[in-house]
Structures are given as structure tokens and as C-alpha cells.
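Next come two complexes built around chain A: one with chain B, the other with chain C.
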Partner chain A sequence: MSEKQLGKKVDRCLADGAIKLGTGLGLGIVFSVLFFKRHTWPISFGSGAGLGMAYANCQNDLRSHYLLHKSEKVGL
Partner chain B sequence: MLRACLRGANATARNNCRRNPLTSVQHCRHYTAGETSGATKVVAAGLLTVSSGIGGTILYAKWDHKFRAAVEKNVPYSDLLFSLALGPSSQEGLPIKKQTELAQPPSMMDKQVKASKAKSEKKVKEAAESPAKESSPATTQPAQSIEEASVEATHIISAIGEVPSVPAPCDTESAAVKEECKECHDHKDTPVTAVVHPNTESPVAMEPLKERPVEEVAARLAQQDQEEQDILASVSASLEESLASSAKTTLQAIGAQEAALQAITQHTHKLKEAMEAEVPPQEKSAQWKDLEAALANRTCAMNDASTALLKANETLGSLKSVIDKSKGLNIAAVHPLVLAAEENLHNMIVDLDKVVTKVQSAESEAKIVSQYSELVNEAKQQFQREVSSLTPEIQANWKGLTGKLSADDLNALIAHAHRRIDQLNRELAEQRVREQIHIDAALEQQKLEDQKALEKAVNTTLQHVKEEARLEQERKLGELREVMEAEMRTQLRRQAAAHTDHVQDVLKVQEHELRAEAEQVLSSKMLEQETRYRQLNQEQLDNFTLDMNTAYARLKGMEEAIDSHVVAEEEARKAHQLWLSVEALNYTLKTTDSDLPTIPLKSAAEAVRDSCHDNDFALALASALPEESLHRGVYSEASLRARFNSLRSLARRVALIDESHNSLYQYFLSYLQAALLFEDEQKAPPTQLSREDLDPFKLLSYASYCLEHGDLELAAKLVNQLRGETRRVVEDWLTEARLTLETRFKTPCARCSKAAPERNRASSMFHKDSCLQPWKPREDGQRREVDRTTARDLGLVSHLVTHSATALFTVGNSCWR
Partner chain C sequence: MAARILPVLKLATKVTIAGGALYVAVDYGLLGSSEQGSQALEKAKAAIPPALEEWMKYFGVELPTMPKIEFSPVESWNSGVRWTISSLSEAPTKASDYTNQGIQYLKDLTK
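Our next item is the complex of A and B:
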């Protein structure tokens, strides 16, 4: 069902975003704690990176239909 | 960029080109400037050569016409050049040559003909004379046979006269051959014709020979022949007549002359006897009577002889004239007769002359004797007179008077006798003296007479000899001619044999040809007849078969009608069955189970297929139902409607997303739009969509309206107009809707197809319309009308079905782009 695709994609996005956000946050915290003397910026950096990645992924996923992939052969 | 490059390249090229011509011209100029004299020299030399060549050609062509003709033939436009330079080529020379050529053979022909004519004339004369020589006895039969032979010979000669013409030019060959053939058929040719024809015809035109018909020639020849024959007959008759008459008269004359001769001799003898014989006086008177009788006889005979002679001479003269006349006629066949007649004449003349000379000699003798007798008589008379003068009393018959005479008388007598003796002595002396003179004179006279006689005799003999010599010559000539004729005949016979062989060959060939031709004609005619016969036969057969066929066909038609009725009934039953199964299918299509959105149509389709096992259209339609529908089933309208309603909100939410706008931000915006935008739940779609109507929200509202009103097709069409993400979202729904539509579209047409077989075209037309109409809730009335369609309109309906299905799909496909 094509109408369910979008829902599925959105689910994936959210999951992915959550994961990445969490991972980024975690990594940020870790790095902040470990290497960056408990500055906030790695946390925000990490979470931001994670969020950004999630955003990018989500966008890519949602766009994927409209993009030509390397494996596809396109006739000119 | 490419264009810019090209432009730059062009510009550079143009520049280069502009520069290059200049340089090349300069180069050329330099080139030419440097070596102008050489080029001009070459050019001038070439021009000179060409012009000299052309001039020489023209001059030579002027001189030699053959060369000109050859050049004109070989070089295409040289004739124009020549006509300009020299005037039209002289073509008069050729016709003249041809004329001379044409004139030559006729002249040659003429010469040949003339030579042949001369030859033939000579040969004819010889042929005519040699038969004459042969027939010197002058019998008609040999003459005629020889005539015939001569005719044949002359026929052969005439043939020969034509033969040299055969190898001559072709235009006369046929004529000559024809002539030959004519003469072969016609055996009455004589040389006269061969002679006459070239004489009468002009030397150039041999054609009149061709034109003379055979019958005319034959008639002419026959006529001439006849004339000759007539003349010959007449001449021979006249000759014979005159010969006979002259012979008769001559014989008569000869007889008369002989008789005269006899009479003369007799008379002379008698006279001699009377003179010399001493017979008694009684017998003397008898003697004298006899003598007188003899004299009378002689005179009579002489007269007769003279008359006879005259007559004979007359007849001979006439014969001579006739002979001369016939000689003057100058006809060949007459000559022998003439010759014979001449000979006869000559002989007769000779005999006559002989007899006449005999008679003349006898006459002269008789004259002498008569003179002598006269002298004697005179002397006697004288003596008598003397005696009587002396002695008048004494009778004449003094011999018997010895007793009666007196002495005086006796003395007187003696004296008288003495005196007479003296006188006689004196006369004798005188005579003796004049003897010599008399003898001389007599001799002279005799000589003269002898000479005359000699001359006469010589003349006559000369004439006779001349005549004989001439006759001999003519005889010899005739013999020679005969010999030549025989030789000629053998040669001619040989040639005739050769000719006959040739003619036989030609005839054989002709016979073959004619036979072949005739056979061909015959076979073609036969073939024609046969084909006609066969044609007629065939026609008859065809007509009969046609009639039979028509009758049979009618019978068959009737049988078929009956069968078709049966078949139609069967069909109707089957159609009904099919209809029932389709109805079942339709019902299945309509209704849905509670748990499954779709029901597989397989069983129903199976039922339809079973019931339409012999109906190809329905079979096709049943098989044409998509696999999906069979296995999985189709969505009913209600389910589709529900689904659409659930879809609608999602579609609204992704209304702004398409290929270009598909970032997350766009998604957020589209969500926002969907939240903030309000449109009608359902809106009636316009009949024509405009650009504003292509807005997704509007389309969705139109589609809802359509769905609510049961127009799935239109709803699908409207949904088809969605683009972008919205389209992706509703894609599945659209597919399902299409499937449902397809399945649903086929079933009414399947139903249409299997109705009872009624031949009602109007109902079928109506039904067509009902098929094409947009899906509306069916009414029972329609169903009945639908049932009335015929089996025979399957084709039309199937066409419509396929057309509509394809139209729908193509519309969908085009809209997808």
C-alpha cells in the first residue's frame, strides 16, 4: 500500500533521529567528560551532529524515490 | 560553448581564407608573370593544332564523301559542322548509282534475250529446213512429226532463251522462274513467242513479260501455230494441186509429144517408103492414102502436142508462180514442200524439153524428108509437065505406055530425054562447079544452125545443170541442216533433261512446302474445330453443372436454414447459461465479504468459462480478466470508497511534495498547509478541468464527490491527475480502482455478448450505447433490452470493449507522465 509508505518512512526517520540524537548526545557527553573537560559544547555538538545526521538521513529517505541511484541505468 | 568554438573557428577560417586567395592569386600572378610566354605558347600551339585538324577534316570531307559520311556517323554533331561549312552532303550520287545498277541488269538481260533470239531464229530456220531436207518425198506425216519435233526444239530453245535470265537480278528472277514454270506447264511454246516477246517489249522493262498471262501467250502461240498450219496446209495443197496438174499436163504433153513423134516418124517412114518403094500402082494409091492419113495424123498429133505443150507450159508456169509465192511467204515448214515441188518442176521441165527436142529433131528429119519428097514430087511434076508438054496425049503414067507410043513420040521423048540429060549434065556440071560453094554455104548454114542448136542445147543443159546444182545445193543444205538439227536436238535434249531435273527438284521442293503449308492449315483448322467442339461440350457441361449446383445449393440452403435454426436454439441456450454465469460474476463483484476486502473471482470466472466454452469472445473476455482479480479478487466500490476517505487526509498532508520540493522543511510546510487549508468535502467536478482545478485539494474533493455518487471511473480519472508525492501515495488505490473498473467493465459486455440469438440490430446498437455509458446504477428494464442482443454482434462489441479498455489505460498512462 503506497499510502502506508510515508508512515513507514516517518517512523524510520523518527527512530533514526532518536537513535542518532541519543548517540550523539551520549558521545558528546562522553567526549565532553573525557576529553573536553565537561564543556557543554561537545554535548551540543554531538547532539547537533546526531540530529543533523538524522535530519539528513530522514530527508534522504524521503527523497530517495526522486533521486537516481548509481546502480540505475538511465536512458538519455 | 561548442557554438562559441565553432564561431571562433569559422572566424579564423574566414580570416585564413581571406588571406589565402590573395596569396594564391599573387602566387599565380607571380607564376604567370614569371612564365607567361610558355603558357601562351602552349595554348597557341594547342589551338593551332585543333583548328588545323578541324580544317583538314573539313577539306578532306569536301573531297571524299565517304569519309564525310563516316565522320558524320561516328562523331555526333559533325554533320551540323559539315553542313555549315560545306553545305548539305550530296546524296544524289547514290540514287544515280542505284539507277545505273538497275539499268545494267535489264540491258544485260536484253542482250542475252537478243542473242537467244538470234540463236533461236537461226536454229528455227535450220530446224525448219532440216525437216524439209528430210521430207524430200514430200509426205505430210513426216513433216508434221518433224514439225512437232521442231516445235519441241523451239520450245526448249525458248526455255533456254529465258534460262540465262534466272541468275540475273533478284527482281526479275521470280519473273523468269515464273515464266519458266509457265512454259513448263505450257507445251505449245514456239520460238516465235521468244522471238516476239523481246521484240515487242521495251529493253528496260522486263516486267511486261510477267504481266502477259499464260492464256494469252498460249492463245497467241496457238493462233500463230494455227495460222502457220493453215498457211502450210494451203500452200501444200496448192503446191500439190499445181504439181499434180502440172504433172498431169506434163505427162499429157509428153505423151502427146511422143505420139507426135511417133506420128512424125511414121509419116516420115511412110513417106520414105512412098518415095523409094517401087510398088504397083494400086498399092501406091493406098500408100498415098496411108501417107495422107499419116500426114493428117501427124498434123493432128503435132497440134495436140503443141496444145499439150502449151498447157503444160502454162501449168508449169503456174506451178512456178505458186512456188515463188510460197517461197515468198518465207515460212519454215513450207520449204521442204517448195523444194520438192521445185525439183519436180525441174524434172518435168527437163523431160518436157527432152521430148520437145526429140520431137524437134524428128520434125527436122521429117522436114528434110518432106523437102526431099517435095523435091521429088516437084521433079516428077516437072517431068510430067515436060512430058505432057511434049506429048500432050500421053498420060502421066508413062511407064505402062510402051506399046502405045509412036516413033515420033518416042523420038521426041528421046530427044527430050537427051536434052534433059544434057540439061541435067550441064546442071550437074554447074552443080559440081558450085558444089563446093554450095557445100560451104550449106556447111556454113549447117554450122550456124548447129551452133544455134548447140547454143540452145548448151543453154538448156546449162539451165538444167544450174537448176540441178541449185537443187543439189539445197538438198545438201537441207541435209546439213538436218545433221545440225540432230546435233542441236541432242544438245537440247541434254539441256532439256537437265532442265526437267531442275524443274523436278523445284517442283518437289514446292510440293513439300505447299504440303507443309496445307497440312499446317489443315491442322490449325482441325484444332480450331476441335477446340470449338470441346468448348461447346464444356459449355453444355458447365450449364448442366450450374443448374445442378443451383438446385443443390438451394437444397443445401434449406438444410442449412433448418440446421441453423437448431444451432440458433442451441446458441440461445448456451447464451442464457453464459448470462447466468456472468450475472453470478457481477454479483460477486458487487458484494463483499465482511472479513476480506476482496473476494477472488476465480470460481465465478471458472463458471463463466465453462459456460462459454464455444463462444470465443466470451472466452476471450473471461481469460482477459486480470490475474489479480481472479486470485485475489477486486475491491468493491464501497471498500474503495472507504479507503479513499482514509487516503484523503494523507494526500492532503503531502500536497506540496514533488520532485523539486521534497526536503523536510517542505514536508513541514505541506503539513502546515494541510492543517490550515480548508476545502469542500465534496465538490462536483466540472465538465472540463482547467488549470486551477488541477490543485490536489480540489481534485480530492471532486473525487470524493464522484465516489459518493458512484462514479468510480471519473473519480479514478480525477485522482489520476494528481502529481508528485500525492500521486505516489494514492498510486495503489488508483491501481485497485483500475482493476475494479476493468473487471467491472468486462462483465456487462460479456453479458451483452451471450444474449439470445435474435437478429435485431437496433437492439444491439442500443446495447452498444449502454456499454459505453459511464457506470450508472443499472435498471432492470435495461437488462431485458440487453438480453435481446444477438450472438452475431460479438465482433463489433469486442472491438468496442478492447477500444474502451485501451483508451482508459492509455489515458491513465499519459496522465502518469
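Our next item is the complex of A and C:
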């Protein structure tokens, strides 16, 4: 993976992390206010789930360079 | 009869609101892959200035214009890294030079 590609991937990871953290926070707040009597744990759960999703996406993105994909033909 | 329907109605409203929030989040690609997420961030950043102007016109309040900051943290960090590594690589040579100079100076003193 060239340095430029790596830089772009890291940029995407960070942007994606910010988006998912915000989304998780927002959804956590919505659910906390509506269903869980304004407890704090849905908010932390949502933000944590968002961060976890971003981490998994980033992991897959960085690994995809070294994996063979279905469309490639391998000579035996 | 209204007293019996009210809890059901409340629950239905809550479920609608929560479901709507979830649908909006999934529809905008906020919970998808990295590319979708970064595209959503770009769209949001591009949509902020017009929205901010709309709000300012609505409230009639003029926010002071943000001063154009010419400072780029990425450039500063990169130049800092380059400076550190180059000084680390030159450090042994410079140390030996200074030591030799010091020794010469002391020799000259004792002559």
C-alpha cells in the first residue's frame, strides 16, 4: 500500500469514526429520552457501539489491500 | 375510552419517532461503510454555511466572521517530525564536533 493510499484510508477512518460517534450519540440520546426514562447508559451504549462500528470498518479497510477478492482469478 | 387508548398512542408515537430516527440514520449512510461515512461528513460540512446563514437571518443576529486561520496543524506536525529526525541523525556528529572543540579550547588554555 503506497503512502498516499494509506493516508487516504486513515483520513476516511477518522471521518467515519466521527460520523459514527455522532450518530451513536444521537440515537442513544433519542432512545434514552423516549424509552429508558433518561438514563445515561443508552447514550454510552450508543456512542460505544458507534466507535466499535467505526473500528471494525477501519480494520476491514486496512486489511482489504492484503486479501484476495472474489473477482480475482488465481492460477493453480 | 380515551384513557385506555392513550398509553397505546404514546407508545406508538415513541416507536414512530425512534424508528424515524433510525431510518434517517441508515438512509443517509451514517451506519454504512467508511466511504459512505466520509461522504456524509463532506456533505454535512458543505451544508453548514448556508444553514448558518439561514439561522442568522432568521434571528437577525450577525455572528462575527471567523478570522481566516492560516495555520495548518498537519503541516506543523510534519515539519516537527522532520526537524526531530534530522536533528537526531545529526546529533552524534555535532556532539563529537563540540567535544573536539572543547578539548582544543582546553588545550589552548593550558599552552
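Going forward, the second predicted complex is superposed on the first by the 73 of 76 C-alpha atoms of A that agree within 3 Å, B and C clash if a C-alpha of one lies under 4 Å from a C-alpha of the other, contacts with A are read in each partner's own complex, and residues count from 1 in each chain.
We adopt the following convention: a contact is a pair of C-beta atoms (placed from the backbone, for glycine too) under 8 Å apart; a residue touches a chain by one contact, two chains touch by 3 or more.
Keep in mind that this is a model prediction, so the values were computed, not measured.
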Contacts of A:Tyr66 with chain B and chain C, given as first, second, both or neither: first
Regarding the shared-chain residue A:Val30, is it in contact with chain B (first), chain C (second), both, or neither? second
If you tally the residues of chain A touched by each partner, is the higher count for chain B or for chain C? C
Which superposed partner A:Gln5 touches (first chain B, second chain C, both, neither): first
Answer with first, second, both or neither: which of chain B and chain C does A:Cys58 touch in the superposed model? both
Overlapping contact positions on chain A, where the chain C interface meets the chain B interface: 58
For the complex, give me every residue of chain B touching chain A. 646-647, 650-651, 654, 657, 659, 662-664, 667, 725, 728-733
For chain C, which residues count as touching chain A in their complex? 14, 17-18, 21-22, 25, 30-31, 33-35, 37-38, 40-41
Residue numbers of chain A touching chain B in their complex, please. 1-3, 5-6, 55, 58-59, 62-63, 65-66
In the complex formed with chain C, which residues of chain A make contact? 9, 11-13, 15-16, 18-20, 23, 26-27, 30-31, 34-35, 53-54, 57-58, 61
